[in-house]
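In structure tokens below, several structures.
You will see chain A twice below: alongside chain B first, and alongside chain C after that.
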Partner chain A sequence: MTNIQYLAPATLDEAVRAFAAAEGAARILAGGTDLLVQMQSGFAKPGMIVDVKKIPELMAIEETAGGGFIVGAAVSGATLERHPTFGKIWPGALEALNLIGSTQVQGRASFGGNLCNGSPAADSVPGLVAAGATVTIQGPNGRRELAVEDVPAGPGKTNLAPGEIAVSFTFPAHPAHSGDAYLRMIPRTEMDIAVVGCGVFLTMDGETCTAARVALGAVAPTVRRVPDAEAALIGSHLDDAALETAAAACRAACNPIDDKRGTIAYRTSVAGVLLKRTVAIAAERAAQA
Partner chain B sequence: MTKIHVTTTINGEPEEFLCDPNETMLDALRNRLGLTGAKEGCATGDCGACSITLDGTLVCACLMLAAESDGHEITTIEGMAEGENLHPLQTKFLESAALQCGICTPGFLIAAKALLDENPDPTETEVRFWLAGNLCRCTGYDKIIRAVMDTAAEMREAAQ
Partner chain C sequence: MNEISNKWIGERTIRPDGIDKVTGRAAFAADTSMPGMIWGKVLRSPHAHAVIKSIDTSKAEALPGVKAVVTAADIVDFPVDTPVPLGIQDMRWMCRNVLAREKALWHGHAIAGVAATSEAIAEEACALIEVEYEVLPHAIEIDDALAKDAPILHDFITFDGKPSNIAGTLEHTKGDVEAGFAEADLVIERDFTTRPVHQGYIEPHACLVSTAADGKMTIWSSSQGQFMVRAMTALLTGIPQSNIRAIPAEIGGGFGGKTIIYLEPMAAILSKKSGRPVKMVMTREEVMRASGPTSGSKSTVKIGVRKDGKITAAEGIYWLQAGGLPGSPIRGAVGCALAPYDIPNGRTLGYDVVSNRSKVAAYRAPGAPIGAFGVECVLDEIADKLGMDPLDLRLKNAAKEGTKAVHGPTFPLMGYVESLEAAKAHAHYNAPLGPNQGRGVASGFWFNAGGESSAQVNITEDGNVVVTTGHPDIGGSRAGIANICAELLGIDYRRISVLIGDTATIGFSNLTGGSRVLFASSIVVTESTKKIIATLCELAAKIWDIDPEAVIWEDGEARPAGANAGQFPPLTLEELAARANESGGPIGAGTQLNTTGAEGGFGTHICDVEIDPELGIARVIRYTVLQDVGRAVHPSYVEGQMQGGAAQAIGWALNEEYLYDKNGKVDNPGFLDYRMPVASDLPMLDTHIIEIPNPKHPQGVRGVGEVPLVPGPAAVRNAIHNALGIYFDDLPISPPRILAALEGQKAAAE
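Right after this comes the complex of A and B.
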């Protein structure tokens, strides 16, 4: 075993300094549910592990005006589940995070880790994109904010610059009569990786949809926001014709792989099915919100 | 490799140990602290045989570094019984033969206790989903699920 260092800095500045100085030899440790598996298999051989869970900002959950939230990048799904209001306002984002792995994994897995691991099938990422979340990033050159959909760059790759650390996720204010939802298709009922994931956020004015965000996971090298599906939903009554147009847009947005979990044709077809089912849940939540 | 000095609490008792920077909590429990109740099944977070709680939250000891336990509270299967008195889940698992080879049992017990601590009246579906990350290759799960449901019912009754 080569020499390896473990650091658990109490401040973000210290973490960024150490992470940047290690020049790519370091890995960030949030929940560790991907990193430790990668180390175990020899896929990752970090010279330094920077544990970010002692940094208060990465572990905080703050409710902002109008149902907005700032969620620390290393907050676990179990912690977020116990929050008194987050899951009531953003049930789709929460269920996306808590579809990952087992109860044990949910005790540790975080939005930040799921996003930065760069898996095209990351469950929470379409949920975050549908919610309209942005991620605050801090690096050697200071702070910046990116839309979540602009972070993934391909399997295992992100657009974070060297030395940059995901700090927190900002959920916008939650308009009245809005709802979010996330569904994924897996070959079994639990403990598997998405064949297709679909996140939807809707705002309704009576029967008319006035705003929509649609995001697909596991059907392309990165999460896909589907503007054509959103356009088909906005202004509609979520009637069959609008849903079919949106489903077709989702199928058209797919550029998936063939693997043991699903063929290209299957993933593409399921993307349309999930869009309709996810819209139905989001619409029901919007009606109650 | 420079060792890390860890100060933690395990099953309510203060504990100090030295570990390697990349050593898992599971290896520290088993190889340094003599707590061999948590088992290594897969070492990749799939089987739940190494289930412990970290500040009351159910986690896999194989997916956690020992160094991360510094300043936190760990509970393991060794802390479940009170002296000679088994926890009701342990008693029920024995009575209803909710185990065969037993290697998954500590993980199931820790996970089931974490569920009942949070939700004393779970549905069967909730029990099955909660325990989906604990694998058993012997029992076919039914006896385990029934044992958890029965224990929950008895504990609710006892609490009244």
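Right after this comes the complex of A and C.
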């Protein structure tokens, strides 16, 4: 019979040391809504579990200047939902996190777990990418910072080095007249995995879009930022022609698979539709911000 | 509508099982544990189709903690050439369903079971069992199984003199179909497919089996029939029924899927071998891989009408997947398909097709939704082509009292026409539709059933009532029986406890299925209660020293029948119970009957959908179920059945299907990707109860639970057609399908 060692260190150093020493036999546990499911199905068989929920830095939410935030990697969606200002400033990132699962799952699920699980369909990741978030990582060789879009490396894979732990997500200052939004397509209304996910961040100057970030989930082996769509939106009035160009860029960025959740043709077509709908929500938020 | 005024029948009394269920006290099968208990686990086939050449369990048996191992060699064999029917099942197939014998017939087919001191050890031991397989090519879909070079699952099955995967047929005919089509002004013919759909009960199969030193065995399990559990376990283990006591747990859903057993015979043998109580609980994945959904199907339906909409002929040919062993519900498909209509010339034919999928089990009106789907879709098209209202088309052809159905019987008094008229007059049917919205209707029929039931009604010494019946309650039968018994006795329903007995404490009762339980059990409860009332009147007569005929029972007390009978103060149930020994002693009565007189049920559904044309999503935005239920003894439960059936139907129509990989393995064995509707997917499902009491039943009960699935898939499909002008003939009508069809429509227009 396999025994599993469980550790719940109170400091990041301790966690990194134990995690690195286990040499791949250990898994980090945040909310466990992916890890425990994988263990139950026999897919993951860790010899050691390092629970990071006792480490203050991974559980903190700090508001920085100008609407920026540092959100601990293991903070649950439900906790973030209750934060007095985060959801007002970054509603798109928050709704992306809290589309995950049900109320019960949201009580546990974290940005860190969603990103490090490496699913191409992870809901919060396009939201984080659109927000321009970076992730702080600590490992045996110290700290580093990566753009969120540089973390996923393929289904179930990340660019974290052995022994590295995601510590927190840094949301940049939030410029005036900016807004973010996230939409996903699922066949049901909840409790489903994204067939396509789309995160958008916009900054407006009157009628004109001055900055844009667009990210797509579930249409390629990793989340995709879509520079051509961003370019089509920037400088435009978000008019039909610009939206159609951006939607076409989203369709072109798709490299999906045919699987039980959707066909290639369907995913590609839906990516363009979601782009337009998500831009509309982000623009409305920008107008009000 | 309900002109029969009653005090308790028709009341929304508080359900007897409700508090236990909402507080978590209700004991389901997996909640039972015993000292010394060990755990059983199942080794399942990793191949969709393979000959089992040998099974070596020695390494598993040698693992510390392992107490017993079971394989097909321990199960009573039922040779394939000798049918042994048990209800609608055949023990030849049950025996091979419980444990694979000659062949593994689907990925996940049970090969062996192990009992050990922990679940983990049992699982580890399963992995140590060495099975030598000769892997064979497999067939999953009907077309694969019927192809010329298809792998043949069973060499003992022949069709047309040749080895075949067609295991049986059933045909109904009436009149001359060819002549009927020749008379028609319009003939529509279409091909349809429906997918295998799982019942989706929340509680996985589970049991605990304990064998005493004297060989007496007790089974706690979740099923739709404790007597079925006892009979099948006895047959498969060779233990006499008198040595098996099957105790029904509270059931966490069945919908037909628990009318057969999977684990109990294995646990029985493991318990017998080890001398320990053995508990087995399936995982959801095992439920999805190895338990029976309903059949997937393909069909061709052809209907001919005159210009005025009168049907001249109708024909439906159906192929139903049985899974790896024979026995798909072709009877429901070919029997129910045309039943709502008065058809002069009709023919239905069903083929039972085996393929390498888990063996199907009953699912709410087994086969009937498959039969109705094609027929109700073709009628939709006919109404469209004739420019006729689809309800008017159905009214024009509706079966009525005296109509001879294509499947044989002549219908008695029934309420199909009433369901159509109620639909036509309903606010829903007459509400305006918005953009991208569409409305569809469809009708359906289910046989309903009677059969064996037993009941014991006892008056307690303090003058209250305990009723014991023999059917697991999955649709509210305890609440319904409390209402009926309260009505008959003229006392508050809260003074009546309704319990479900086990196989040792109540007489034989057939399983909960076919919408039979309230119909049958209320007959035996009524008989028993009437006997008790007679006893109570006799007791009062004795106390008053008058003739028993001079005593009447009214409002819960014995009263002198009239002025001539004498002037006595009434005797209440409490008073009589306290004085029981002044006459015959303890007051109670049992009744055991093979009940008859069940009559079929009909319903009509109205469905509105709204389409998101860019994403291809169809959402049901309004839904109304109209049904003749005979008598709504407990309206909340009746509505619950009507809503539950419709909710499942919407799942069939829009999302649910098994997906197989190229190795014949189910690729979505869980609720995440096997997409049953969640609550937020559905609007409030409205119900409209019609009561045309069944004249052959003391309370007018007909049976409710199965009809409301039957029309649903077609109602949704017809609504989508109404919204988009596109006929979808293959279920489920999922977003990629809708979007692809819309793009095709656009391309065709350009």
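Rule of thumb we're sticking to: the second predicted complex is superposed on the first by the 289 of 289 C-alpha atoms of A that agree within 3 Å, B and C clash if a C-alpha of one lies under 4 Å from a C-alpha of the other, contacts with A are read in each partner's own complex, and residues count from 1 in each chain.
Just so we're on the same page, a contact is a pair of C-beta atoms (placed from the backbone, for glycine too) under 8 Å apart; a residue touches a chain by one contact, two chains touch by 3 or more.
Values in this document were obtained by computation on a predicted structure and should not be read as measured data.
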Contacts of A:159 with chain B and chain C, given as first, second, both or neither: neither
Which superposed partner A:185 touches (first chain B, second chain C, both, neither): second
Partner chain(s) touched by A:193 [first = chain B, second = chain C, both, neither]: second
Partner chain(s) touched by A:245 [first = chain B, second = chain C, both, neither]: neither
Dominant contact partner of chain A by residue count, chain C or chain B: B
First, second, both or neither for A:260, with chain B first and chain C second: second
Partner chain(s) touched by A:107 [first = chain B, second = chain C, both, neither]: first
Partner chain in contact with A:269 - chain B first, chain C second, else both or neither: second
Interface residues of chain A shared between complexes with chain B and chain C: 1, 41, 189-191
Chain B partner contacts - residues on chain A that touch it in the complex: 1, 3-6, 8, 29, 31-33, 36-37, 39-41, 49, 51, 53, 76, 78-79, 101-105, 107-108, 189-191
Complex interface listing, chain A residues touching chain C: 1, 41, 185, 187-193, 195, 260-263, 265-266, 269-270, 273
Complex contacts: residues of chain B adjacent to chain A: 1-2, 4, 20-22, 24, 43-46, 48, 51, 54, 57-60, 62-65, 67-68, 70, 111, 114-115, 129-134
Partner chain A, residues of chain C touching it in the complex: 120-121, 124, 285, 614-617, 654-655, 659, 667-668, 671-673, 675, 677-678, 680-681, 734-736, 739-740, 743
